[in-house]
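Chains: A, B, C and D, in written order; residue numbering restarts at 1 for each.
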Amino acid sequence: SADVAEYALWLGDDSLVLAQRLGSWISRAPELEEDVALGNIALDLIGHARSLLHYAGTASGQSEDDLAYWRDEPEWRSLQIVEQPNGDFAHTIARQFIVSHFLFELYTRLRDSTDATLAAVADKAAKEVDYHRDHSVQWVLRLSLGTDESRRRMLVGFSDMWPYVDEMFRDEPLLDRLEGVAVRPSSLREAFERAIAPVFAEAELEEPRGFIASGGGRRGIHSEHLGLLLADMQVLTRAHPGAKW
Amino acid sequence: SADEQQFNDLIEADSRIEPRDWMPEDYRKSLVRQISQHAHSEIIGMQPESNWITRAPSLKRKAILMAKVQDEAGHGLYLYSAAQTLGATRDGMTEALIAGKARYSSIFNYPTPTWADMGSVGWLVDGAAICNQVPLCRASYGPYGRAMVRICKEESFHQRQGFEILLELMQGTEAQRHMAQDSVNRWYWPALMMFGPPDDDSPNSAQSMAWKIKRFSNDELRQRFVGMLVPQAAVLGITLPDPDLKWNDETQKYDLGEIDWTEFHEVLSGRGASNAQRLQRRRDAHAEGAWVREAAAAYARKQSERSEMVAS
Amino acid sequence: SADEQQFNDLIEADSRIEPRDWMPEDYRKSLVRQISQHAHSEIIGMQPESNWITRAPSLKRKAILMAKVQDEAGHGLYLYSAAQTLGATRDGMTEALIAGKARYSSIFNYPTPTWADMGSVGWLVDGAAICNQVPLCRASYGPYGRAMVRICKEESFHQRQGFEILLELMQGTEAQRHMAQDSVNRWYWPALMMFGPPDDDSPNSAQSMAWKIKRFSNDELRQRFVGMLVPQAAVLGITLPDPDLKWNDETQKYDLGEIDWTEFHEVLSGRGASNAQRLQRRRDAHAEGAWVREAAAAYARKQSERSEMVAS
Amino acid sequence: SADVAEYALWLGDDSLVLAQRLGSWISRAPELEEDVALGNIALDLIGHARSLLHYAGTASGQSEDDLAYWRDEPEWRSLQIVEQPNGDFAHTIARQFIVSHFLFELYTRLRDSTDATLAAVADKAAKEVDYHRDHSVQWVLRLSLGTDESRRRMLVGFSDMWPYVDEMFRDEPLLDRLEGVAVRPSSLREAFERAIAPVFAEAELEEPRGFIASGGGRRGIHSEHLGLLLADMQVLTRAHPGAKW
């Protein structure tokens, strides 16, 4: 149905935008091992995005690429956190830590969806995101407890990303129409907090307080970063309408 | 000496030399030079392709390209490991690269202005690399030979992907076909140069062949490569930009047009299109990542201190 | 005291207070707060527009937009100078801004997702700013009043440019008209909020008006603004997104729909769309520029030492 | 003529690409005064670009915006140095120092062009570029002689930009057909070296040695940076073919 398609689009957009961000690290990472690791995570996310966008497009006869390359910014449904710039490595790790923990809870629950396709995607994704979670936890510990400089940067990274945490857990009206199919993000917050608490404790961190962005990604409202990300991502495809690659 | 005799016997018998075996100092040096240069080429070689990761024109191509560039990082890691078994240190090799003292394959000093270059790099550059590398799977030094087995398997996959990119373009719109042909025009000659100078002008080759580090001459490999390209170009419907290229029944080889070795030497001596950009980018990534590596090292130190404390 | 009497007389006579004149401490504080807040607004206000400098859709628009954002930097400079005449330091003001302790106009915590926002920011945001600021040209404190004269001249130019951007869009394609209307829908209410809470809920206003720092109430200015917009909206062919907006013959004022003051207070308290982004960007620019400012200071110090040495 | 148009395009592209780079600094400069100063320089350059592209387009009936927004990367004729990334402030200053000195010599000589339009543009531009030159000289001195850190960065900035100096002074075949109209860049190198020598002496710098990029901007060969710059610059205009702004 159109509602399920819309929901698949939400999740697909999250993965694709985050994968696009992570893809920029490849060949620029702090060490070769991280070129590989961030590349792996990006590849997993592209995989999820392709499955979800493919599924989202079936309702309207659009391909995954129609959705990825031919939608303008207000038609994107991704959360604002995934479009936040890479910043330094600490920003990227903070974003990845937050999103991976969110997605893990989400996909774990979505495995029970009454929609068989979503359940299958979720089953595969939950396992992969569990690894992403682990990767970011290791780095949060290393950076927080490594040197003074790395700790300072990790704190800034979390404080710059935290304003976008709230939006992840907001329920949109669409969810009322998808009982049993979708997962209510509000219902994930407790598990999320429970999962990150021991990491923050070990890393001697506290959840940042301060700004809370008003969000709205699910309704096509984005921070000023998404437009530039799309300009880059879509430029070649749009220069050749109708071409195959 | 007995060591030397044993080494020569192993080489003679096409056996592997392993890290703990005795080896002549020149053999070791020659291998370190070749392996680290190869590793550096993988690392620098990520750049021309990473240039298109964010702009890849379909999600499928984006995934394939990401995986490919990531494979190259992986190849760099295997090769650094192989060089480390010969006493080279990773920091030392990295510093040499960044300081501009270590070589890497000159081919990566060409830019990738269009998407079609993702095809040409795969088809021509990886293709030439495979011709160079397949014989290295039998290289006398064990860790190098084994790394090459794994690398060659992946490279041949990359070459096929490059071919597919070009095929898709050649079956596409006129703009796409033009993009593909233009790209092949730019990459064909530099790819031929990847096999190095003609045999009569190649100083290091003889010793390397005697040691079975290298197993075919530059010109032999170049011939093998062109022999592979010609039928594939026909399938693609693409023209190889050498009007003099033709099969010679007498010599049973391809006649090739004159290679512009001046360009080769210009690029080699730092006057190519992208030498400066490639090193700058590697230096910047390394410098910007310093605090991360330091943090990881400090954390590992603290952890091991803690576990020692717990243990004692 | 005699000082106080003279101050009151000057205010009474609509004369200017100058930096060397005596003034009440609260007057000074109030001015510093207002002027630095205004300066910060200019600085932060560069961001939503600089977002489109690289993407402006014609060279003419690119030049106009660059000039505008650059004017804002200039306004920031005049205003910091005016605040400095009251004993504030630029470093102190900058630190307060970056630490999130100083206020700036909440309107800049809204994002500019489309090009049409360059029109709306000019037409609505600068328009509202002008209504607020024109009376300030007669502000009792001399340096502030004079800075405002210059600023207002440029702002009214900016407002006209914003109007022209919207006009061009409204005369353009359907997509352009839609872009313009959507943008005005998003900016209209926040622009009305720029005049601050209703008069019966505005704590600082009374004293500011007595001191002739402020000369009209929030609601008076808001009325004046809407009065200016209505005919211009008709020319544009754009709809102001307030179904309740209409002229009331009895009160001789516009009746306005209910303003969502909850949103206003949310944004004010750090829960707007872009608060975090705005401060982050300012902090980063400041931090990344630290070494440049230090170099300039060190160089100036060395130069003056050298000229002293030459002189002695 | 088409040759004059091509020459005007060369110079116009240089100015536009550099202005585009400088425009990214506005609101991000190390101090407000530099937001203003770099903005001024960018504005001057956009002014030159508009005059030159307008003139270039008259031969073929294209507007300045047709040329700025609808040409693909291989059709751009700018020198590779102007498309080099902003890097840190030292990189931007190094680039600006080099290009302003080059343009000053160029426009000073171009005032004597037999082509009245080019001569008029050059006359105005030479005065403005003289100011840009001065601005960059002041910063080269400050950064080179300021702190150890700033000196280190200034050295890196020059060494990263110097590979693109050679291309500026290369004569292309077109110039053979524009005797008296155009200025041979090869003829400017001596004056360029003479002008920068005292600054380098005072700043205690030497011309970097090392890489020399093979260049080719005048033939549409660019470094990998231009494509991304254009993706961003042209995205909005290309999304609305035929629209006016």
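One rule holds for everything that comes next: contacts are C-beta pairs under 8 Å (C-beta built on N, C-alpha and C of every residue); 3 or more make two chains touch, one makes a residue touch a chain.
As the structure is a prediction and not an experimental result, all values here were calculated from the model.
Would you say C-D or A-C is joined by more C-beta pairs in contact?
Of the two interfaces, A-C and C-D, more C-beta pairs touch across C-D.
Just how far, in Å, is the C-alpha centre of chain B from the one of chain A?
Chain A and chain B have C-alpha centres separated by 34 Å.
Averaging over Cα atoms per chain, report the distance between chain B and chain C in Å.
One centre to the other, that is 57 Å.
Considering chain C alone, which of its residues make contact with at least two other chains?
55
For chain D, give me the residues that contact two or more of the other chains.
231-232, 235
With chains as vertices and touches as edges, which is it: line, ring, star, complete or other?
Chain contacts: none of line, ring, star or complete; other.
Every pair of chains that touch: which are they?
Every touching chain pair, ordered by label, is A-B, A-C, A-D, B-D, C-D.
Could you list, by residue number, the parts of chain C that touch chain D in their complex?
Residue list for chain C touching chain D: 43, 46-47, 50, 53-63, 66-67, 69-70, 73-74, 76-77, 80, 115, 165, 168-169, 171-173, 175-176, 281, 284-285, 288-299, 302.
What residues of chain A sit close enough to touch chain B in their complex?
Per the touch definition, chain A meets chain B at residues 16, 20, 23-24, 26-36, 39-40, 42-43, 46-47, 49-50, 53, 64-65, 68-69, 88-89, 141-143, 145-147, 149-150, 153, 232-233, 235-237, 240, 242-245.
What residues on chain C touch chain A, complex-wise?
So the residues of chain C in touch with chain A come to 48, 51, 55, 100, 111-113, 266-267, 270-277, 279-280.
Mind listing the chain D positions that touch chain B in their complex?
Residues 73-74, 160, 163-164, 210-216, 221-224, 227, 231.
Going by the contact rule set out above, which residues of chain A touch chain D in the complex?
72, 228, 231-232, 235, 238-239
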